[in-house]
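Pasting the structures here.
You will see chain A twice below: alongside chain B first, and alongside chain C after that.
Up next is the complex of A and B:
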């Protein structure tokens, strides 16, 4: 029986199989950029958000270079609470008589810069720690994750307020680092979970047998495969960080005096008469914050769908 | 022939944790007392059902699995410790081909980067000779040099597995562990990849440890075959020993499970399979100890070892 079997199997295995032409079988997978573009076209709300965000960001960044520092620090009580459109103040003036439009641009620039820097800190620290704990697992993972669990339980707004009050030389960079202390834990968890699944794939084993060091495997092999979730996570945490900074400034523990922020502008509404009768003083920054945050979250959803094939629309 | 590697009483046990304190309550004996030698330039097949521990042995040899006990002797040194392996550049000589060709190639890297990785780590070359070497390797596995700047997803399964082979032979290794290299490919591509591997093995004189559950593939590829069951070897011998003179009931059972297209004798084959199965069930308690594990192997001829119950030892060794 086995002889018969052999004569049947051997010739077919020995036969030379015609060579497959390289050009014939190449399948082009759609590039990431093309996927993102298609997702934007399928989601008109996100497309509009992206355009609005681009216009707002560019305006704020470029215009803020042309605003003299005096425009946001000078106090001119006579021009207090001018209605929009009077004396060339398009959005009116605030309690100190400063032009609301210039204030809005200068504040937005500060708030966006701070949110951006916090996001960068959170992402860099989160990615490094997430890679280490997800890749090495075991005791390293347990220890770091328990520390993070503890850190997440802490009421971070309270701690930031305390730190802001006790730090002696306080400027916007101090604020960035203090908020940054609490910005990396979520990212670490996200990156860790993805690294856990990535490091179990054969290409990591192949890298090990190819003699690559752990450091090289983590940052050269695994990290590029996390690009999509990093983009998604940084977009969405950026929106969240704008919220944190404005909240702190609203409470009076954010940016120091003399540095305008969207939060301090909104806090004008704590005065009952302003809140009730002078909506033009606090409404513009509020609308700005809402537009930015909602817009970023729409755009972030598009990135998320582009990164995860199961959620795609097109 | 010169002995390339000696594996002595290799043990890989995985702890099972349970209970409130998550303490170790038992072990999975993935590989339990495995001993064999690999000679230079020869091919070895490791066969067994799913979960019999054959992949574990392959990974332990290449250094991807932490071993619980035993020794792997290579060049006179025990290479079971990572520090020893790193010092002697062990993986320059011992490489692996993986089962899943897609997941074994980093999707974000070009073929050039993938194949150049072991070259960069083990053979310090300048840019130009590194590039020449990659082109040469692609040529060996029958891919054009245009493939260098493409990404893994742009290739078919068979082409990807050949890229995996190119990476494995990049540093001129002496031993390649092939962990079910074709079981994820369809039959026509299997033949193509297997013939490539066979040709490369002959041309470069590499030893192969071929791990598979497909007896037809193993028979085509290897000269020596080991049959594994539940973490232990039950039979070890040349291809002829195993296929023509199987001694262990489990080997017989595996061989009878090879599908045959032989319509004329269908009933006879069926009866034969039933008889082998009956023999297996009947002698099971005889060939396995009270825990259901195989006995240690004993030599019954120059090349043929089989796991026999203690009562048959005197017969077997006294031959």
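Up next is the complex of A and C:
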């Protein structure tokens, strides 16, 4: 307001003000969101996937509130394997006569939610350990990195399956924690490598000299600079975690009975006759998984390019 | 050079010890004991307890662990409770299938990844490069079981090009017929697993080649008048190939770990399928043996990779 008034009072300045403004705009670094937006506009495939993902996620989350519990627990053998379109079942019914469309929405909600929780656990643990090892270096770093080198080569699918089948009182949360055990190592390595290079920067040294505590430097000063990398990493690991959860459920070691998952829906195809002759039973969840996972990796690549100036398209 | 290798091998020892403790703890957490299967309605509970005591099940854990390790070194992994055979025999019947399948996947993976990586590195930014990048998103982002299932459906059931389960057809007799039947059964799962395993190789090769393009030796070769295609196929290719060979160890690790999914989808009787059957039938001695074996194999894979890397790249050696 005051600026406007000023220009009105002094018309002679009007010509010079925009010039300075233009200069300022050029000098100012584009904000993260603006960069991401520009990258999306340059990459049409990613833009389309982002729109599709947003629509799918919203539909699944909102619709799942309106699905009665009985829709996923009912057993009605008479309506077993109805073809799509019969008796008002748009996608047909499954082995237990449940409506496939409702099952798909309920399963998708569970799978996405579980993958989201695992991603949160993996990111939080990975970021904290990565900050500590990268910032303090020394013995702690060596020991933790050795543990991770070891942990990362273990056949994690087998160990998860063993844990899932021996844990007493098994439910969704135990599954999340068990998968979470194997979800933080990659993030830790990534964050550590970034913190190693970041902690040699002048701003960290200056902060140390002026007496900031290590905690402050790590979480208030280094961490915000890693934000873009964390966004990229969490997007890509989210897709990976959907893959792990659905794989385990497909093998029969994922979500417990009564909690439908996309993987459990696909596992109907382990029966050769269903696989060969009733594609409508397992194809919808398979397509859903493909769309979600590929879509997320397209969007993740856009975030990656936005985070790394050398890779940008626009 | 040798120092690096010896140091790396020495690191391996505590890793194997930790792995064995981990597997031992898992085995102890599994419900049941070797005698639960032999209990009948007429068995005296006291007799069972005496048997358990004789087998050392009431000893402190470190004594039990010691006995377990000693047994391991004697090749005694216990008895499979459902198959009534020693675990070593059961495993021995299956390992071959998994190893052959992994080997085929590895070959396919390199056969696909090397040309694609070369192309996308040489013509980076081009249409072909973008196409290969999109291919990479698919192989990286998709859960493997989805691809295996679609492959089995289209090529196995719809087009009838490949058998849909097993390792060898019944009427194959004679060495040659049997071998070709085996290969035929492995072809579809091996090719699909191989294609899914290309992501990291393609990306690594691509960035290696882009880096190499601006190197002095490449410029020298070009200025001497070596044709461009030869610069790529001889000079750059050789230099970029060695680090890729080093990742073979990790690739093997991944393939054997991933055998659970592929063997389950293709009903292929290897270790992965044995693992699933064993765990669903609560045959825990087999489960323990497979986890231990796969874990050790994985550790050897990473050892192999690290050694090749230190051979190839002098920067990571300790002098």
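Please note the rule applied: the second predicted complex is superposed on the first by the 288 of 314 C-alpha atoms of A that agree within 3 Å, B and C clash if a C-alpha of one lies under 4 Å from a C-alpha of the other, contacts with A are read in each partner's own complex, and residues count from 1 in each chain.
We take it that a residue touches a chain if its C-beta (ideal position, glycine included) is under 8 Å from a C-beta of that chain, and two chains touch if they have at least 3 such contacts.
Owing to the predicted nature of the structure, the values given are computational and were not obtained by experimental measurement.
Once chain A of one complex is fitted onto chain A of the other, the partner contacts of A:224 are limited to chain B, with no touch recorded for chain C. In the superposition on chain A, contact is made by A:206 with chain B only, not with chain C. Of the two partner chains placed around the shared chain by superposition, chain C is the only one that A:150 touches, whereas chain B remains out of contact. Of the two partner chains placed by the overlay, neither chain B nor chain C lies in contact with A:31.
Look at A:294: by the touch rule set out above, it reaches chain C but stays clear of chain B. The interface of chain A with chain B does not overlap its interface with chain C at any residue. On the chain C side of its complex with chain A, the touching residues are 11, 15, 18-19, 26, 29-31, 134, 137-138, 140-146, 149-150, 152-153, 157, 164-165, 250, 253, 256-258, 260-261, 264-265, 275-276, 279-280, 287, 290-291, 294-295, 298-299, 301-302. Touching chain B in their complex are the following residues of chain A: 1-2, 4-6, 8-10, 12-17, 19-20, 22, 25-29, 201-203, 205-212, 221, 224-225, 227. On the chain A side of its complex with chain C, the touching residues are 45, 146, 149-150, 153-159, 161-163, 165-166, 239, 242-244, 246-247, 250-253, 263, 266, 269-270, 272, 275-276, 279, 282, 286, 289-290, 293-294, 296-298, 301. Residue ranges on chain B touching chain A, taken from their complex, read 59, 62-64, 89, 91-92, 94-96, 98-100, 103-109, 117-118, 121-122, 142-144, 146-147, 150-151, 153-156, 158-159, 164, 167, 188, 191-192, 194-195, 216, 219-220, 243-244, 255, 258, 260-262, 265, 269, 272.
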